[in-house]
Amino acid sequence: MRVGVIGYGYWGPNLVRNFAQTDGVDVVWCADLRAECRSLAKKRHPQASVTADASDLFNDETLDAVVVATPVATHYSLVKPALEHGKHVLVEKPMAASVREGEELLDLAQKKGLVLMVDHTFIYTGAVRKIKEIVEAGELGNLYYFDSVRVNLGLFQHDTDVLWDLAPHDFSILMHLVKERPKCVSAMGSDHTGSGFADMAYLTVQFPNHFIAHVHVNWLSPVKIRQVLIGGDRRMLVYDDMEPSEKVRVYDSGVTVSTREGIYGVLVDYRTGDMRAPKLEFREALSTECAHFVECVRLKKTPWTNAEAGLMVVRLLEAAARSLAAQGARIPV
Amino acid sequence: MRVGVIGYGYWGPNLVRNFAQTDGVDVVWCADLRAECRSLAKKRHPQASVTADASDLFNDETLDAVVVATPVATHYSLVKPALEHGKHVLVEKPMAASVREGEELLDLAQKKGLVLMVDHTFIYTGAVRKIKEIVEAGELGNLYYFDSVRVNLGLFQHDTDVLWDLAPHDFSILMHLVKERPKCVSAMGSDHTGSGFADMAYLTVQFPNHFIAHVHVNWLSPVKIRQVLIGGDRRMLVYDDMEPSEKVRVYDSGVTVSTREGIYGVLVDYRTGDMRAPKLEFREALSTECAHFVECVRLKKTPWTNAEAGLMVVRLLEAAARSLAAQGARIPV
Amino acid sequence: MRVGVIGYGYWGPNLVRNFAQTDGVDVVWCADLRAECRSLAKKRHPQASVTADASDLFNDETLDAVVVATPVATHYSLVKPALEHGKHVLVEKPMAASVREGEELLDLAQKKGLVLMVDHTFIYTGAVRKIKEIVEAGELGNLYYFDSVRVNLGLFQHDTDVLWDLAPHDFSILMHLVKERPKCVSAMGSDHTGSGFADMAYLTVQFPNHFIAHVHVNWLSPVKIRQVLIGGDRRMLVYDDMEPSEKVRVYDSGVTVSTREGIYGVLVDYRTGDMRAPKLEFREALSTECAHFVECVRLKKTPWTNAEAGLMVVRLLEAAARSLAAQGARIPV
Amino acid sequence: MRVGVIGYGYWGPNLVRNFAQTDGVDVVWCADLRAECRSLAKKRHPQASVTADASDLFNDETLDAVVVATPVATHYSLVKPALEHGKHVLVEKPMAASVREGEELLDLAQKKGLVLMVDHTFIYTGAVRKIKEIVEAGELGNLYYFDSVRVNLGLFQHDTDVLWDLAPHDFSILMHLVKERPKCVSAMGSDHTGSGFADMAYLTVQFPNHFIAHVHVNWLSPVKIRQVLIGGDRRMLVYDDMEPSEKVRVYDSGVTVSTREGIYGVLVDYRTGDMRAPKLEFREALSTECAHFVECVRLKKTPWTNAEAGLMVVRLLEAAARSLAAQGARIPV
């Protein structure tokens, strides 16, 4: 399988390195507009051709797949021709800059029968894979809430806000675990530096039932926190990505609700129990992801993070962005 | 100074014990409707008279002050006669069940020239006192945000929701540190157990400038978190109340904003530096608070947590409750 | 059951309070040489008689038991007459200042058929009780080692060194868990302040098999650490007493040894697995201990921390002290 | 500057990669006895020649320096001919398998006027560099003790014990910070798996004054701990290498000793104060180290981890090994 990568900046080199180490894959093209990035790619991967012109990849009939690792504003204009030229595509998160763009790419991929996968890397970590397994096995019972805090002192992006930068991670994990379709999104935030882009935001996603999701993304935190709490009526879970090894802890704790005659009607009590930290697989997530992409292309399987999943993340982002502009108004998804 | 305490349930015993150990104070009355609470009070404090009738305290002309440690629904009907009988009052948080009640009590205390203090205990901790000192000294610069997470697996209250139970702590700390008057409040939450009371809530307080405050209160968390992040343009601060000793950490970190000619207009960069955890005073907060109440009565000083401060917390709670009922609508304070 | 307490200084008040709250127990005497301690005891416990003369307790024929909470140097001279007068005794740790004293007290108690129990409080914590249960159930397999770190910035004792102050805790936990009799002790330490008493010490206890125990006690540590590692060939355990709730964690980790033909002879590999933090009982240890003492007296049962257990701790302390003086020489126990 | 590397197994690839990225350095040789390691080296670094014969490097007159990254047993037989052929040498830790070997290599390097540097990587970390700076500035005052815990569940080495595997790190850090020459070493440990090699050890290093150093190395710990405590009479320091960012914390805490008339003679009291976590440089230690080696060769400077430093570590290891065999006997250094 012959792969070409567009964008050799921050994340592209990781993709090239991982694809280069994936069995049966040759990275044959590296495209980047910047000469210094091209020469770095050439030095590290002499077997690949470099180019400033992405259409060299589209026009290479021997190329099977294109990996797009460029800023989100350019995704649509690079993924579309790739699909039109019959290439399978792995695209950086978020999939597109708008729902409209995302829908068009999804349609095109389906029409062409091509794999269009989105690089939501967290889905391929040992931690999220274990959480998925726990949730699907019903260990947590009915889910009460999903609460994610993703804050640190961030390198400011000059072309995007904290919402589009960080929230794709949380939204992709949330929608990977939850089957219900979200109803609406509210977002509050602030731009403290006058850059024109929000540097912190609080996002609430409502669902048809009582399940509620909340995400705090922040580029202005002195400490790095990557913590997700998931509450269920049977058990509860903490996913702390800053823990070196015990990232996932399952608490045999919860509340017991019993109906009771009398003035209160409902009696709520809490219970505590053992905690368990399951062993996690330690393979690099991106390595798992690259192998998964290759397998999906070969065996015509649906990726875990397919275009539908990627589009759902864009729907949530777009709704959140509109809510942020409207000071927290509830925007339907 | 002769003090009487109404309510000898969960918190009352701590107040009695601390006042009994305060120099120059005699606890002469303990009132409680429950016989078993009265007999426990009598056993522990044989020098105090016990009664089921709070008016025994109001009618005791030798009594200087009344401490009210009963459920919030009863505050108004106990504080009002206490003030009318000329007693200084220390009342449990929150001060009252509504802004209307709170305003009336404030007016009455002012008219009578009596001390009406609210038991916002956190204000008297070594940690919050140090944070106040740091903020007032301008160490953090202009404040960007206040973010508080106060979650644990809670003993459910049967007569209140998580908002009225936990958020008074965060609102009192917030308003102790910030001089600006809040503009409006939004609240989202959920009642997962069908008890009729929200068990988790996300509260956003907006201010006239870009400063933003957010509070997450939750009775359904498997882990106990008591963490406040305060961001400023010079430094940032973390207050982790679960830390045994280094509860307050000040980070010499932040962002630098510079105006620049060119396409972006504003250039934002981040900087990191040393962290410092100042030594905190370790005295029990309630002991400091009781001594402060006595001093304010004697020297006619204004308490740190006076009726104005207590009323502001009730204003925020009432606005948050209305927003919660209206699914996050922005409610002016 | 009528109890008298000798020593109302640092720890005595906790013992009096807990016995006073134990069903069926009356604390009828408090003895202390210091007038201010006697008057504090009288104020808090008006039903008890106070005295400066411990023989008032020995001579009170209605008294069932004596609790000795005085400095270790006085234990022998107080416990001995108490036993001679037919009183059951609970004595502060360590039981005695020397093995010779301890042996004599043990003999006397046995001869008189009286309960002589040592206040090794940690044995009665939910954490150590759970660890005992885990070890006895064979969950850890054969034990490899016991490693304890008990360090903090200590209030210096003026009449003892760090060894006699802190190591009784570790030695009592160690010998509560391990059935084998220790062979010898080595100790290295230092007196940095010229006080004549070691302020830090490293203690190694050797056993007939390959099991090894090590204890680090230190009054000069900037941070408080209370951590025990216990390694076994099936599982391993960490007991971190500074953790607010998950004090005990059991790791399904270890090493696998297999014999193999070839140059190395023995092949050692490691395996990792889940971690589990069992729920612990949260009752105050001293309350459990006081109830246990009463039960042992009434039902003529052997206490968990009986005189034999207490004497073994003194044997280890005495050997360690001799090794410390001899710069780490191995001293048989 | 032309460099050749011998040994392309576990650590060698990191050295090759870092030297390849160092300005003005060409890695021209990779030697390894294993064909698969040579082919991996060739694939990753096509510009370098590979060989199974180390003497190809010695005989290459254009080669300036040799890097030895092979098991310790082979160091002497590789470093010696490299020096004899006039090559500067960077050798893996520990420098040699015995003091005798180490002394011979040191002499040879001095005679030839060549740089012989030992790869004690920790010395080049931002954390240890900052600690060195703090100690040298006298911030801690006179040093009381150095206590290091370096434990984890280790991949067992088949040709060495835990002492020779892990303790070089602690001994190199210790001797980098302390000017005094150690007096003697005691070591206790155990071999639980019957492999013939100790899997855990407790090492005590005594100095002429009251300063004492202790190291706990362990391959059988369920948790990974990398913590050093350094006590001084002015301040104390904790270096926790598992912390993601605040690895070094300085406590303005300690003890105050005052001489006093009366029964105790010496009065010791403790004091607590602020804690400070200085900002650390985040550059990869090995990159700093490679640049330092190049600089020392070019400018004829003495490396921080020169042959004397490396030999001192071997002296401590050899003494510790003898003490371990003699069950803790004190062995002079």
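Per-chain residue numbering starts at 1, and chain names A, B, C and D are given in the order in which the chains are listed.
To be clear about the criterion, contacts are C-beta pairs under 8 Å (C-beta built on N, C-alpha and C of every residue); 3 or more make two chains touch, one makes a residue touch a chain.
Just so it is clear, the structure is predicted and the values come from calculations on it, not from any experiment.
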When C-D and A-D are ranked by contacting C-beta pairs, first comes C-D
Which chain lies the greatest distance away from chain B when centres are computed from Cα atoms alone?
D
After a C-alpha superposition of chain A on chain B, what does the rotation angle come to, in degrees rounded to the nearest 5?
180
Given over half shared residue numbers means same and under half means different, the chain B/chain D interface is same
When centres are defined as mean Cα positions, the distance from chain A to chain D in whole Å is 41
Hey, how far is the Cα centre of chain B from the one of chain D, in Å?
53
Each of the following residues of chain A touches two or more other chains, namely 272, 275
In the complex, go through chain A and note every residue touching chain B.
144-145, 147, 149, 151, 153-156, 158, 186, 188-196, 199-200, 202, 204, 206, 210-212, 214, 216, 218-223, 229, 231, 233, 235-238, 249, 251, 253-255, 257, 264-270, 272, 275, 327-328, 330
Of all residues in chain D, which touch chain B in the complex?
246, 252, 272-279
Residue ranges of chain A in contact with chain D within the complex:
46, 224, 242, 244-245
